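There are two complexes below, and they share subunit A, which is joined by subunit B in the first and by subunit C in the second.
So, the complex of A and B:
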């Protein structure tokens, strides 16, 4: 028990941040798994974060009510974004989403009544790691169900070849719109989780840092299965801290190096169901050939 | 009226790409319950016609009517819902999906449950999923691919991938099946098997429009055909008569005079 408490004292905050980052990564994965690269998770997080902070700070809303409000806020923002952005082609969409992240920060800085402006907001409520774990588990169940449903199958088809999917009766617009809604809800929850963890937020909280973390986690873990972003966020959050214990001041270097290594050697991420299928096929081929060779030897 | 008994009617269909007419005023009729060949030399505009029918392209002028619906302004997914399904000239299966998942995706239109109830995993949705899975396995069996159901489609041979694509196209239970060079890259016995499957499907009530280069297959398996050249209609009707038509012969093999002149130059 004592060793556990020691470990928790050393790595507790890492675990907490890994869970928050997992929410951001899942939000990115939600749209990426339908073929849309979008940085708007940061925007949904800002909406959810400030909404939750204000509701709990000014109106004394408890956690269990603030989180659903943040989810709704993120989802609503996502509906607006999807309506405006889904007419753009993929690379323009990525750029437009980045522009929206910049606009959001400036808007937040200039709306002190809502966000506290440059001074930021103090968040009076704290989320316990166990509560965060429950939230992440609930989100994971949603993604697990989605993966095994008609939506999951349709989104894989849309991601791989939207034109072919459309000739099979799948509307890419509809699938990607739903994906944005999911991304908004999970991004809003992540924003609130971050607010209740840091207990102080400002417009700078929801900026490029989150964008980098969520994209890196999704690339690292893999964007072809819901487990990918969760594993990715865990590794990406834990690695700098554990490395720091060995070599101090390595944090930023380690992040960059890991990202480079992954992109070179595992471009599809750590969790890649397709790679398992390819391995299975190669093994099957080897076995058939060995069997044939054995038969030939028996004849000879 | 030629239109009576026609499931699909193309009327003066034009498709231009930056001033070049890939299809220049094509009129064609596909009779209900027939196997109709769409033939012509390379670049005649056959695949463009398939893309126009399925809504991947929209015609610049003219109309396409299918079973009472006007397709020319519809989105691909709405056209698919009217009962049209297709395969592609260069196999376009989804990367990372097993053979069974490909065909399941093809069954999207007849899943019978909403996305929402499928997500919730309601009992009705689960049983609908299982029965769709059974149908998909049955379709794979029809193209003799059931033994490969759980393998990644991209690890299979070209001919096998083509057969999976046909099974995927059948997933939506279409009224009209468009096959774009279904036997390309297949050996003779594989091509024969596809021809037999096409006949079985026709006898079960399906109408088939197929682009095919192999003339012996066209005469053996098509009930009627449309010959195109440079985006225009060259001949229409019985396959044997069409192929014997001097204009068709010329489009495919060149002019007798030209051949003689080339011979003389040697």
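So, the complex of A and C:
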């Protein structure tokens, strides 16, 4: 128990941030799994974060009420973004969503009544790691169920080939719109979770840094399975801490090099269902061949 | 009136830097299909290379510029070969290269911090043309004229290269479909190297010129250029250098005018308002091709 407490004192904040980043990564994964590369999770997180901060700060809303409000806010923002952006071709989508992240920061800076402007907002409520873990577990269950549902199947079809999917009666627009809504809700939750973890947010909180963290976490962990973003966020969040312990002078450089190496050697991410499938198939083939060989020997 | 024209030239020169930077970013995005997060670091490193060439070896101004341009180009080629080339064979699309470019961004930014001792350096005043050119009632710094001319030359040169030459045709072909281009007899590997070098060199040029005229040689230089250059690419349309050039100049002029006549606090706000307006009203940018769909 003693050692556990020591470990928690040293790495507790890393675990907490890993859970927050996992929410962001899941939000990015939601759209990525339908073939849309979008950085707009940051926007949804900003909406959710500032909404939750204001509700709990000004109106004294408790935690369990602030989170659903943040989710709703994020979802609403996602509906607006999806309506405006889903007609764009994929390359433009990536650029436009990145541009929207820049615009969000400037908007937040210039709306001090809502966001505290340059000075930021102090958040009076704190989320406990256990509560965060429950929230993440709930989201994970939803993603797990979705993965095995008709929607999951349809989203994989749209990702692989939107044209083929639409000839089979799946509307790519509809699937991607729903994916955006899910991304918005989870992103809003993540934004609120970040606000309640940091207890101080400003327009700089929801900016490029977070956008690249979430996309790197998702792709690092693997964007073909719901477990990928969670593992990826844990690895990506733990990297700086680990590197600081090993090579304190050049921790940033080391973090970049590790990210580079993982991507070059495992471009589909750490969690790759196709690799599992291939391995399983190879094993099955070996077994059947061995069996056949045995039968042939028996006949001979 | 005099102030107006002077500010117009100020904005034009500033916008030229954004556009020069954006051209390289757009070139890589349209030809190689890479959203390169590390592009800003090429500019920072080019400025650092130029600075140390002046500081250590006392080279004249044109050599310092050349050091930055070639340094930026070579850095881009190295990043491409280490970070992007291994992923091309594995068909990871835009995603894999985006992540490796983020990795390079982290690495190169942090190394740039070491190279400048975590502070902002300035070129010595005697190392570049710092006189004023007097044109009637106007006094324009020489560096601004150099910057404006540099953008004009680069835009016209690269536009002609892409639209009128065989190499340009090969670049467009690779941008459309690398495999089909290779089947048509295009040496895709050479085109990729050339594009990477060209992109690194133009952003390197923007980096050195920007580092001199803003007296800021550090990793923040590239980040600043990246945000505005990116806006220029989106507004102008990423598959046409003319659009990027015009949009960059307009953004620079708007920025200076807003700061001069409205308020400095809206400086960035206006740029991004314009960006948002374009995203909604004309998402493919000023010159973006009408139906650019990859099968």
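The working rule: the second predicted complex is superposed on the first by the 278 of 300 C-alpha atoms of A that agree within 3 Å, B and C clash if a C-alpha of one lies under 4 Å from a C-alpha of the other, contacts with A are read in each partner's own complex, and residues count from 1 in each chain.
Here is the rule we use: a residue touches a chain if its C-beta (ideal position, glycine included) is under 8 Å from a C-beta of that chain, and two chains touch if they have at least 3 such contacts.
None of the values given here were measured: they were computed from a predicted structure.
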| item | value |
| --- | --- |
| Which superposed partner A:156 touches (first subunit B, second subunit C, both, neither) | first |
| Which of subunit B and subunit C A:10 touches, first, second, both or neither | neither |
| Partner chain in contact with A:274 - subunit B first, subunit C second, else both or neither | first |
| Subunit B versus subunit C as contact partner of A:169, first or second or both or neither | first |
| Contacts of A:146 with subunit B and subunit C, given as first, second, both or neither | first |
| Residue contacts on subunit A - larger count, subunit B or subunit C | C |
| Touched partner set for A:257, first subunit B, second subunit C, both or neither | second |
| Footprint overlap on subunit A, where subunit B in one structure and subunit C in the other make contact | none |
| Complex interface listing, subunit A residues touching subunit B | 145-146, 148-151, 153-154, 156-157, 160-161, 163-171, 178, 224, 273-274, 277-278, 280-281, 284 |
| Residues of subunit B defined as touching subunit A within the complex | 54-56, 75-77, 79-81, 85-86, 88, 92, 94-98, 101, 104-106, 108-109, 111, 113, 115, 118-121, 129, 151-152, 155, 168, 171-172 |
| List of subunit C residues in touch with subunit A within their complex | 29, 33, 35, 37, 82-83, 86-87, 90, 92, 94-96, 98-100, 102-107, 109-111, 227, 230-231, 233-234, 238, 265-266, 268-269, 272-273, 275-276, 279-280, 283-284, 288, 292-294 |
| In the complex with subunit C, residue positions of subunit A that touch it | 32, 37, 84-85, 87-92, 94-96, 98-100, 102-103, 106-107, 109-110, 212, 215-216, 219-220, 223, 250, 252-253, 255-257, 259-260, 263-264, 267-268 |
